[in-house]
Amino acid sequence: MSSTAKRFRAGIVGGTGYTGAELLRLLVNHPEVEIACITSRSEDGTAVADMFPSLRGHLDLKFTVPDVARLAECDVVFFATPHNVAMRMMPELMAAGVRVIDLSADFRLRDADVWAHWYGETHTAPDLLAQAVYGLPERNREQIRQAQLVACPGCYPTAIQLGFLPLLEDSLIDPNQLIANAASGVSGAGRQAKIPMLMAEASDNFSAYGASGHRHLPEIEQGLADIANDPVSLTFVPHLLPMIRGIHATLYAPLRDPTLSLKNIQALFEERYADEPFVDVMPAGSHPQTRYTKGANYCRIALHRPLDRDVIVVLSVIDNLVKGASGQAVQNMNIMLGLPERAGLEGAALLP
Amino acid sequence: MSSTAKRFRAGIVGGTGYTGAELLRLLVNHPEVEIACITSRSEDGTAVADMFPSLRGHLDLKFTVPDVARLAECDVVFFATPHNVAMRMMPELMAAGVRVIDLSADFRLRDADVWAHWYGETHTAPDLLAQAVYGLPERNREQIRQAQLVACPGCYPTAIQLGFLPLLEDSLIDPNQLIANAASGVSGAGRQAKIPMLMAEASDNFSAYGASGHRHLPEIEQGLADIANDPVSLTFVPHLLPMIRGIHATLYAPLRDPTLSLKNIQALFEERYADEPFVDVMPAGSHPQTRYTKGANYCRIALHRPLDRDVIVVLSVIDNLVKGASGQAVQNMNIMLGLPERAGLEGAALLP
Amino acid sequence: MSSTAKRFRAGIVGGTGYTGAELLRLLVNHPEVEIACITSRSEDGTAVADMFPSLRGHLDLKFTVPDVARLAECDVVFFATPHNVAMRMMPELMAAGVRVIDLSADFRLRDADVWAHWYGETHTAPDLLAQAVYGLPERNREQIRQAQLVACPGCYPTAIQLGFLPLLEDSLIDPNQLIANAASGVSGAGRQAKIPMLMAEASDNFSAYGASGHRHLPEIEQGLADIANDPVSLTFVPHLLPMIRGIHATLYAPLRDPTLSLKNIQALFEERYADEPFVDVMPAGSHPQTRYTKGANYCRIALHRPLDRDVIVVLSVIDNLVKGASGQAVQNMNIMLGLPERAGLEGAALLP
Amino acid sequence: MSSTAKRFRAGIVGGTGYTGAELLRLLVNHPEVEIACITSRSEDGTAVADMFPSLRGHLDLKFTVPDVARLAECDVVFFATPHNVAMRMMPELMAAGVRVIDLSADFRLRDADVWAHWYGETHTAPDLLAQAVYGLPERNREQIRQAQLVACPGCYPTAIQLGFLPLLEDSLIDPNQLIANAASGVSGAGRQAKIPMLMAEASDNFSAYGASGHRHLPEIEQGLADIANDPVSLTFVPHLLPMIRGIHATLYAPLRDPTLSLKNIQALFEERYADEPFVDVMPAGSHPQTRYTKGANYCRIALHRPLDRDVIVVLSVIDNLVKGASGQAVQNMNIMLGLPERAGLEGAALLP
């Protein structure tokens, strides 16, 4: 445990879930940011390392009840909470001038009615939606730099948007026939006691879920429409994988111009992402494996054009807890604080 | 170990792989069929139960080298071999009048040139291709009953054809824009020592493979075209799941007539499969899990129409070693021998 | 679903857990016993196959609230409940003359005070403890045949007692220095929503639990003392395995007579278990794998004497839900009803 | 990829296995050491990041054939090879004055005859055995600092020695009745194509192996005897876990003085390891989980005294690829080069 004072102080609201634990893992070794406080109503007074013994020797901090005054002393506050928590504390925090990075779904959708439709509750801070910057650095880096409130993308939305992005920016595919077949490890369901997530239920097993309509769909369609500058229609079927971490998206789209070769499209992706520190365009024909990103902040992408027919297939993988949540949140924090974008995110994936 | 003589005798060529082991598991308790011989060049003389101790107490038989004369004394012979084995022994066995059920890929494709293209070798028994009946009972039950040579469908082809079948028979979907996103447990790769199939490589991981073109594609397209009575074009991307058994296919197709409701289509599936002993149409909106078929011969299917848009999504699951291989082979055997179709296949799936 | 009436009728109390589900799987194909009723307070009216879709096509029955009058019409009633349920209904059922097989812990210990100590509650039917026969057929077959109330052994106790039994019956080891290092798949923890049993917590992980003292210890020591006809002292450390089914016990004991060879001891085990349908003594030096029993009612055992030193090591594996629970319960039922002991238990283990 | 020159240069012989890959993962972010060369006969010319895509973006290096001259330019050379490789190159490297850290078994045993007995081959560099320092920093830190050749302990030996160490140093247990029941994830078997290590064989399964005698036994007994300053006799049974990383050792020993309380022993462990950066004594009665060390260099230990009887149980966990191999190798390197012992090893375990 380093005793050197660091330049910036971060607060975390809701540190007992998996995105909270992952934020802690990333921040305990961040060169410039220290964790000033971490809150949990249910675990007030518990040592963080008692709940997550993987942090023994790294962090000497206790959970405290959320307190706006204390959070307001931080340079940046993360929300690693279920939806419907951040929106309740946000007005006060915003008024206090704190910069906030919300990992929950509360500020991802611009339209409060759409939010209400998918989440079954009224949005309590609709006035703040317009101020929220959607935290996908590959699209919105400059706005993130200036933002007071950043809404981090969901895990599926990150993998899917980064996979379609160059194709839609250049109008190479038909935006009305997009398909995203995606699969997630079980950590995506959070650290909540539910029978379907028991190991005896979820391991050695595979199935789709939410196939008739999933909450991430409006976020993805909103993001893709922004990218395409046009409405899009996406069929999105998520699946539950018998493993802990990782998202794999298999994206299908009809090519508008069949004379465009896979080689051309590959070049386009490589160029588009050349300066992105965390997007890796693998050689065409590769099959990125989720474990190539386990514990690391990369999105790895590969392109296929099966039998040279007129469909392009994009394979896109991330670690749902890193680039799909806490790693991307740290990346956004680095951008907001003017730090090197890779600070605290240098770790290579754990393989095997 | 029952000592009662049974009515029929079966031979198995190539009993050291997973489909061979699964045939043994199913046949040791078959009420009417006994295992007369099981061959393996490499394991000649080894007790089967030494190789597969799960069979201790069930089977008292040794592997022997393949011998056509001995196999010819059986009522039925199964090939549970890699491709390129059955075709070499087939002319002699056919001439001897034995009935053969081939679980390998050798007689699935009607066109020897297509076979040669995908398998990289010349087919050595092209004359027999026309005699082979494609062993999907839900399509070809009557021909199977009469056949001397039945080519059992591949695992992916079984799950995908049964999922599209009612839609294509009734021309409800556009056959030129079919997508099959499928995933298989690792037992599908066979019992062969390969680094990518090591547990340290394949577990806690997920990826696509063969995304640019997979050997099962021509078989599936041939089968779907037969069903549709029209050419079809399928984009097929298989994936490797971190689990042992199970195939999950997620099928996408544009509906030709958007006024057709999900309820109508559900009724159509239920009617089409009403008399099928091993196809289970679950309620619309269900999410069949692969484990609902673990060790059992079912294909379980469910339908979705996401947000009532004009795409139909079919979810179809099987156990790749049972309905996708050895169970379907036993089902075909039962049909050929005039036995009840469920004989030896009564076991319920292992859950959890 | 067979419509033929069967000779015997079974009732199941508490069918929504894993031992209940496994009883159903085994009984739906039992040749002589049909499931007459299955109870659940929380799921009254739910179709069993809706809760366990693996049983679609096998069982057309709904959960009902427990009703003694209705249960009393059965030939045998199983309790697949947590502890503290069976003891409350037992007096009435016993009075009604029904034969009962209890899979819970309520009637395993003979001493109500010991029960109270380990389970933290007062035993409500201490008078019935003396009537309960401990359902380990390899020890108590004759008493089971006559019993009205059979208390099925726990999962760890089954694997451990069968492993030590021949050694203790013949006084070959020091009963005061026994060690049982055992490990169980997660299904042993039951179908209850608890965070430590989430797949994200329990998979890709391994640890001991209850190392300072576990509830199964008094049951095991009671059983071993009966076998040894002497007090025993056992150090028992259970562990949680990242897999669904299976128990592996590694047993250590100092040999009393070092001149006794491994070969002698092997012969002793083979002789002791020669007529046991479900105990398999593998060749000395083998390493039984839990999957050799997956879904099957065997206990497979192997012996080692490392470097010919004076310690004997016994490896003993079972499927915790079969020989460790529901399979052994069916075996006991077969004995009680005078049926062949293997009836309904013929299935070979699922491998791979 | 940092371009800043680092102070020290490391070479790796045999970089295509799991310990090689883990060395790379740890060293790419080491603040003071850069990877100068990495050898593989079979992969000469292959980019390391093509073999391990998890390193894309971290390492721009190709495998080369082993070349002593080039290795001799390094400050330190690691052997991440199977046994019987390091011993062949060692004389030349030692003569060249290079400092070597051997992760293989070649220099762990002091007695060449014992080595020959367990490895079935003659040791080709017996003269160098006396120069090798056994690389367990918690025992031999000062000798490691001076050593030219460090033999890193095996994975099981690390977990077991650290667990018994304080007890044996203080003669609290009977050294003739030690038992180590241990279990390892599959990565311990290396990156070699073998059927028993296939995912279809090793997952959802558990068994012992080498129960009659395992190669790590002489290393462990040699180490424990050094610690105890007395001969020891250990019964050691390793098991294979259905997971990738992690070793769990459950150690049993009779207490010499039963009046010594668990509290006393706990205090002793805490004192003994107070200054050790990578040994974590958890509160008495804890159950360390292997995942608390996943990807991190800790050994976490907890003590139990079941029912206050006269047996002490020590639970000891490590990540077999980190503290059990490559992490400990880096720790030794840091000691040898006079660097902070935690350099490059700051990462917290990945959880979940």
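Read from first to last, the chains carry the letters A, B, C and D; within each, the first residue is number 1.
Here is the rule we use: a contact is a pair of C-beta atoms (placed from the backbone, for glycine too) under 8 Å apart; a residue touches a chain by one contact, two chains touch by 3 or more.
These figures come from a predicted structure and were not determined experimentally.
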Practice problem: With chain centres defined as mean CA positions, report which chain is farthest from chain A. | Solution: C
Exercise. Any chance you could check whether B-D or A-B wins on number of contacting C-beta pairs?
Key: A-B
Quiz prompt | Computed distance of Cα centres, chain D from chain A, in Å | solution = 36
Quiz item: Counting in whole Å, what is the centre-to-centre distance of chain A and chain B, each centre being its mean C-alpha position?
Solution: 39
Quiz item: From the C-alpha centre of chain B to that of chain D, how far is it in Å?
Solution: 45
Quiz prompt | Two or more partner chains touched - positions in chain D | solution = 18, 187, 191, 200-201, 203-204, 242-245, 288-289, 291, 294, 352
Quiz item: Considering the complex alone, what residue numbers of chain A touch chain D?
Solution: 18, 21, 24-25, 28-29, 52-58, 187, 191, 203-204, 244-245, 280, 282, 288-289, 291-296, 298, 300, 321, 346-352
Quiz prompt | chain A residues within the chain C interface of the complex | solution = 18, 185-187, 189, 191-195, 197-204, 242-244
Exercise. Spell out the part of chain A that touches chain B in their complex, as residue ranges.
Key: 177, 179, 181, 183, 200-201, 203-209, 211-213, 217, 233, 235-237, 239, 241-246, 248, 250, 252, 254, 285, 287-291, 294, 304-307, 309, 311, 313, 315, 317, 352
